[in-house]
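The first chain written gets the first letter, and so on, giving A, B, C, D and E; residue counts start at 1 in each chain.
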Amino acid sequence: GTGLSQELREITFAQPSASAINSFPVYVAIGEGYFAEEGLEVQVETVNGSGSVLQALAAGQADFGRPGPGPLLTARARGVDAVFIYNVAARANFGLMVEEDSPYQTPEDLAGKVVGTGTADGAEVGFARNVLSSAGMSPGEDYELLTVGDGGPATAAFLRDEIAAYSASVADAAVLGQRGVALRDITPAEFARFFGNGLVTMGDTIRDEPELIEKFVRAFMKGQKFAMDEANREASLDHFAAGFPQEIEDRDFASALFTAVRSKSVPLETDKGLGYLPPAVWEEWQASLIANGDLPAPLDDLNAAFTNDFVTKISAELE
Amino acid sequence: MTDTAPDQLDDTVWVEKASLIDSIPRPVQIASVAVVFITVWQLITLSDLVPPIILPTPLETWNDMMFVGANVLSGGYMLDSLWTTVKTVLYGYALAIAIGLTLGIIVGETAFGERAIMPYLVAIDTMPKVAFAPLFVAWLGFDIDSKVALAAFIATFPIVVGTAAGLHAPDANARMLFKTMGASRWQTLYKMKLPTGLPQIFTGLKIGSVGVMAGAITGEFLGGGNGFGELIRVAASQLNTPRVFSLILYLSLVGLALFAATSYAQRVLVFWHKDRVIGAEG
Amino acid sequence: MMATARVSQLRASTGGETVYELTGVGKTYARNRVRALEGISLSLERGSFSSVIGSSGCGKSTLLKIMAGLIPPSQGRVTINNQPVRGPRRDIGMMFQHATLFPWRTTIENVLLPIEIRDGKAAAKAAWGRGEKLLDLVGLGGFESVYPDELSGGMAQRAAICRMLVTQPDMILLDEPFSALDEISRDFMNMELQRICTETNATAFLVTHSIAEAVILSDRVYVLAPRPGRIAEVVEIDLPRPRTLDMITTPKFGALVERIRTRLDKGDFE
Amino acid sequence: MTDTAPDQLDDTVWVEKASLIDSIPRPVQIASVAVVFITVWQLITLSDLVPPIILPTPLETWNDMMFVGANVLSGGYMLDSLWTTVKTVLYGYALAIAIGLTLGIIVGETAFGERAIMPYLVAIDTMPKVAFAPLFVAWLGFDIDSKVALAAFIATFPIVVGTAAGLHAPDANARMLFKTMGASRWQTLYKMKLPTGLPQIFTGLKIGSVGVMAGAITGEFLGGGNGFGELIRVAASQLNTPRVFSLILYLSLVGLALFAATSYAQRVLVFWHKDRVIGAEG
Amino acid sequence: MMATARVSQLRASTGGETVYELTGVGKTYARNRVRALEGISLSLERGSFSSVIGSSGCGKSTLLKIMAGLIPPSQGRVTINNQPVRGPRRDIGMMFQHATLFPWRTTIENVLLPIEIRDGKAAAKAAWGRGEKLLDLVGLGGFESVYPDELSGGMAQRAAICRMLVTQPDMILLDEPFSALDEISRDFMNMELQRICTETNATAFLVTHSIAEAVILSDRVYVLAPRPGRIAEVVEIDLPRPRTLDMITTPKFGALVERIRTRLDKGDFE
């Protein structure tokens, strides 16, 4: 009723891509009324990539966002006190993809080849470099990187044999697969530790309104739990349709995409609960950013870039 | 006088060729171009040049247009999106007209404007506007305001140029006449220069009407909202190219409508100007 | 110079009160590099009709612009009714070769434009009747709400005359007003102009290229010599008034034309 | 005659006001606008309105411009990028001129072109060009070809409009004269209509020169490559806004140079046309 | 109509061979709604000078365009040197009110344009000498490589005459060629035109609004009546040749002018 909605606090959540599935916990939490239970009314806004999410947070236009860890560290290096509070894509949501029928099986097979990269984030570039340098190859000498954009151009790049592999987000690869460009992930399993985008808010908010963060995280985590229960698949899809009706028009397509995205939000270390951020991997992320030149030097206090306080507390609550 | 003189029937042979193609009625001409266009499109999709996720077939696109049309007509979510975009475009156009006319008057009326301000306007216009989108979002938020600002930003420059050129249009006689009548600068501007320059001003407005569409969609691509730009982005990220194409075709209809409305306003306001207006006839 | 008044048949160049006076007027353009006019002195009496004739570029338009207060003279003094002319004035009407009617205004709106500019829309509305009367006078009764593109060249010039007269100026200045018209229309318009000037008792000063036109209309013709423009001769035209086109074929007319023609510098055409 | 008659010194009081502001030399005027502009910019960054990762300070931007300038001048990687973008822009402009003139001639010379082709050109121009980028990439690959195509695509429309308008410029006399000389349609076009229409054609070219910049950068944003667009993208993803702004400022210098070159070509080619050309002097 | 040849002092309208002939020419415009011309028959003899005069819109330009082969007649027959006129022809030269010199070509390049159009650049180059000679003839020697914006109105019209003559046409058609010039330049250009026609023995046909101009130049004046345009009267001008400007003040000239003036329909001006 109207009486209730008057008491709701308006919260803006900025996501980096135009998709309800990629931000599925939010949409489920909205649809299931978890936010309303916390007295929040969440408005989702789509901007262009993680950089824009962080800019919107810094400008105060958004309260929460879902950028990648790389851009977050770069932003912190530029004095933006944004803090990672929840690990959403707990397993690497990037992969080194090759065509289904291609002969390449391991990253080593890509020696002397061209590797395409996708979005403007630059995160998948770092990811590809990590994977390939672990295989003892260095860019420019053993392989070439080529920015091919996403979707259509990426397909064109495969068709024109301009790239042998494509470093892409899992969602992008799933879409390509659904559209008849079957891809195979040749990323070794150990790279799954490189988690992807997660919940971020500003340090001020954490200091000034910790209870707001708790409310948001609580609803968010409930949404994620709900969505991860296979029994709730159809209900979840309905919630997505409320946010992005067009995305769910082809329900089978959307359902397959949901499966792919959801599988990457399952934590590697189940004992730590949902949303846990492993500090060791943060060190690795920072090292790889420095190696890429995205960061000039290690941050003064890397531990200030993230906090597990909220997920730990809420996980315990929801047990 | 001489038997080589032909009778009049022969003479009519060199009548100005009423070119065959020009005697075809206009709708038929337009339709025939569409047919050629669609045929070429179909042939490309039939060939192996382009995979369907890059270029859909005309039929797929048509079907999708029917779907989108049905959704809009039945008041579905696409109607809301369309309305958001149309609002953005209209507000953006109004804003661009207000700013463009003001700057155009400054540039066209003052030597300072022409010599010192115009170079900056040119420089700003050569910048990729996309880079300004985050600024607008930061200042104006995620509502349509930020998209309106971007749309207006892109559409303003041609209006400035058209207005400035229009103000230079009146001839020495008209200027002298107003001087003899002791008209103030403002009166000269308002009662003579602006009306005289209307044709050029409308050229700027028509180019601007095209730019404002581009700006609104760009804004929706970059700064969220729920307009058609967002729908295109969703469809593109799903590689749903028939949808992308059908949404774009609808947008181009909106753009054409704005262009046509501007042309219509020109015909009504500049009723005395009988010149052909390129691409603007009914 | 106080001569006795003659009968109105012959509008005297020497009679009546002085309306307009130029003393030693000169003009240089382009930072003194072009000397357009030098030492022009003349005085115009109320109700008289004078013409200035001269080859192209000899400074006729410059003279008229100075008289109208559109540009300042470089030397000399300009007065109307003993007041210095320092800018455009309500008591001076002016007309150019092109009618320059504004196509977005009806004929009468064009005629009332000077009033609208000076006193606002309300005053223009109040003067509607005067505008109609003037249009009647020049034979444009019934064309009040017609837009200018439906008028012929001659009709447009007649509307421009009305616009010039609507503020009831003491002095009217005409810069080749009918030279864009064909000969027959032009003759006719000149006779009209004579009639209107007589009826409104306006003082007129006409710039023209046509000797015949200057002679048929004027009490006095100033012949200008070029580079710098200066008065080479003043020819008194003592043909009886009202003038008619038949007079063109009279020997007296021919002699006056001949006298002016020989005076005009033909050096331009070699 | 009367003692109220003033001497000439008084009369000169109403000399056309040589406006104070217009008597300032042009470079000073331009610099003063820059000063105002930078001051406002500085004030905004000093206030808390915009965080630095959205709008850098003028000083940061200036320092970064020095850095970029040094890299370019020392032959660093940015020189390669700049050269890639400049090449894209130049090829795109050349292509746009070729296609724009051709289409402009078809539209301006034939009733069919004007009535049946022009509406499609307007419709295509209202479409978000961004959506065509994948098509170009699919056909032309990731080299600069696809960006050249996109740049040309954006710049073509104003050239078409300008050319078509230019071909309508010659008056009835000139047309009749060519008829009396028995000139062919081609001769009339080549020896009379095109030269006469050059001023309008150049208006189209100048608008196009601005569009081609936008197109090249958009292409580099969407289809990779290693031009300045890519550098901006990388800088933007690193939230390195001083770099973004400094790259954009350099790009706008490139755009201004192209615009100025076009204006210069106009002055040389249209040597007989003394009219003021808006924003094109010096 | 085979009359005996007279002395060249008086260029006979009846002597010599017929160059140009119109028989029953009519023209309707706008799908037969505007009848611009009706039943025009005339024949022009080699070396003769004829004029057509009539009020605005009576069809003079239409007639000239038909004669030049620019537009087809709706009825009737047009022949030059006994060949039917079916389009623009090399042996017909034409000139309009505006000189229409192209500003990107030098004066001589403008003059040689018709040759360049018909026979290419090489031919135009070859005819350079002829162009120079023509420019000399009209007093523009030394202005060959000057661009048209440096020429005065009269000079531009003289260059246009050269352009018309450069293909050595048998027939020259002139549509109010000097009406944009001031009266003095115009008188002068008319005398030049007479001289050039005599020197090149061209057959000329002139459209004009000026009665005096028609009389001073022509052997024969066709007076056109309007709506539809038709020949109202043919006036033979038997003034001696060469004509001079002094003749304007002779009674004979006055009588001819008067005769034409009364014949011209004045209904347009009410």
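To be clear about the criterion, a residue touches a chain if its C-beta (ideal position, glycine included) is under 8 Å from a C-beta of that chain, and two chains touch if they have at least 3 such contacts.
Only a predicted model underlies this, so the values are computations on that prediction, with no experimental measurement involved.
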item: Labels of chains that are neighbours to chain A and to chain B; value: D
item: Top-ranked pair of chains - ranking by C-beta pairs in contact; value: B-D
item: Most remote chain, CA-based centroid, reference being chain E; value: A
item: Far-end chain from chain C, centres as C-alpha averages; value: A
item: Distance from the mean Cα position of chain E to that of chain B, given in whole angstrom; value: 48
item: Chain centre separation in whole Å, for chain E relative to chain A (CA means); value: 85
item: Between chain D and chain B, distance of the C-alpha-averaged centres to the nearest whole Å; value: 18
item: Chain C and chain E: spacing of chain centres that average the CA atoms, whole Å; value: 34
item: Contacts with two or more other chains, residues of chain D listed in rising order; value: 50-51, 54, 134-135, 138, 221, 236
item: Shared-contact residues (touching 2 or more other chains) in chain A; value: 55, 59, 151-152, 155-156, 159
item: Interface hub residues of chain E, defined as touching at least two other chains; value: 87
item: Complex contacts: residues of chain B adjacent to chain C; value: 171, 173-174, 176-183, 187, 191-192, 195-196, 271-274
item: Complex contact set, residues of chain E against chain C; value: 55-56, 139, 152-154, 182-185, 188, 209-211, 245, 248-249, 251, 254-255, 257-258, 261, 264, 266, 268-270
item: Chain B to chain A touching residues, read off their complex; value: 51, 53-54, 76-78, 133-134, 137-139, 141-142, 221-225, 230-231, 233-241, 243
item: Touch list for chain A against partner chain D, complex; value: 49-51, 54-55, 58-59, 71, 74-75, 78-80, 120-122, 146-149, 151-153, 155-157, 159-160, 162, 294
item: Contact set on chain A toward chain B in their complex; value: 12, 14, 17-19, 43, 45-48, 52, 55-56, 59, 61-62, 150-152, 155-156, 159, 172, 175-176, 178-181, 244-247, 250, 253, 257
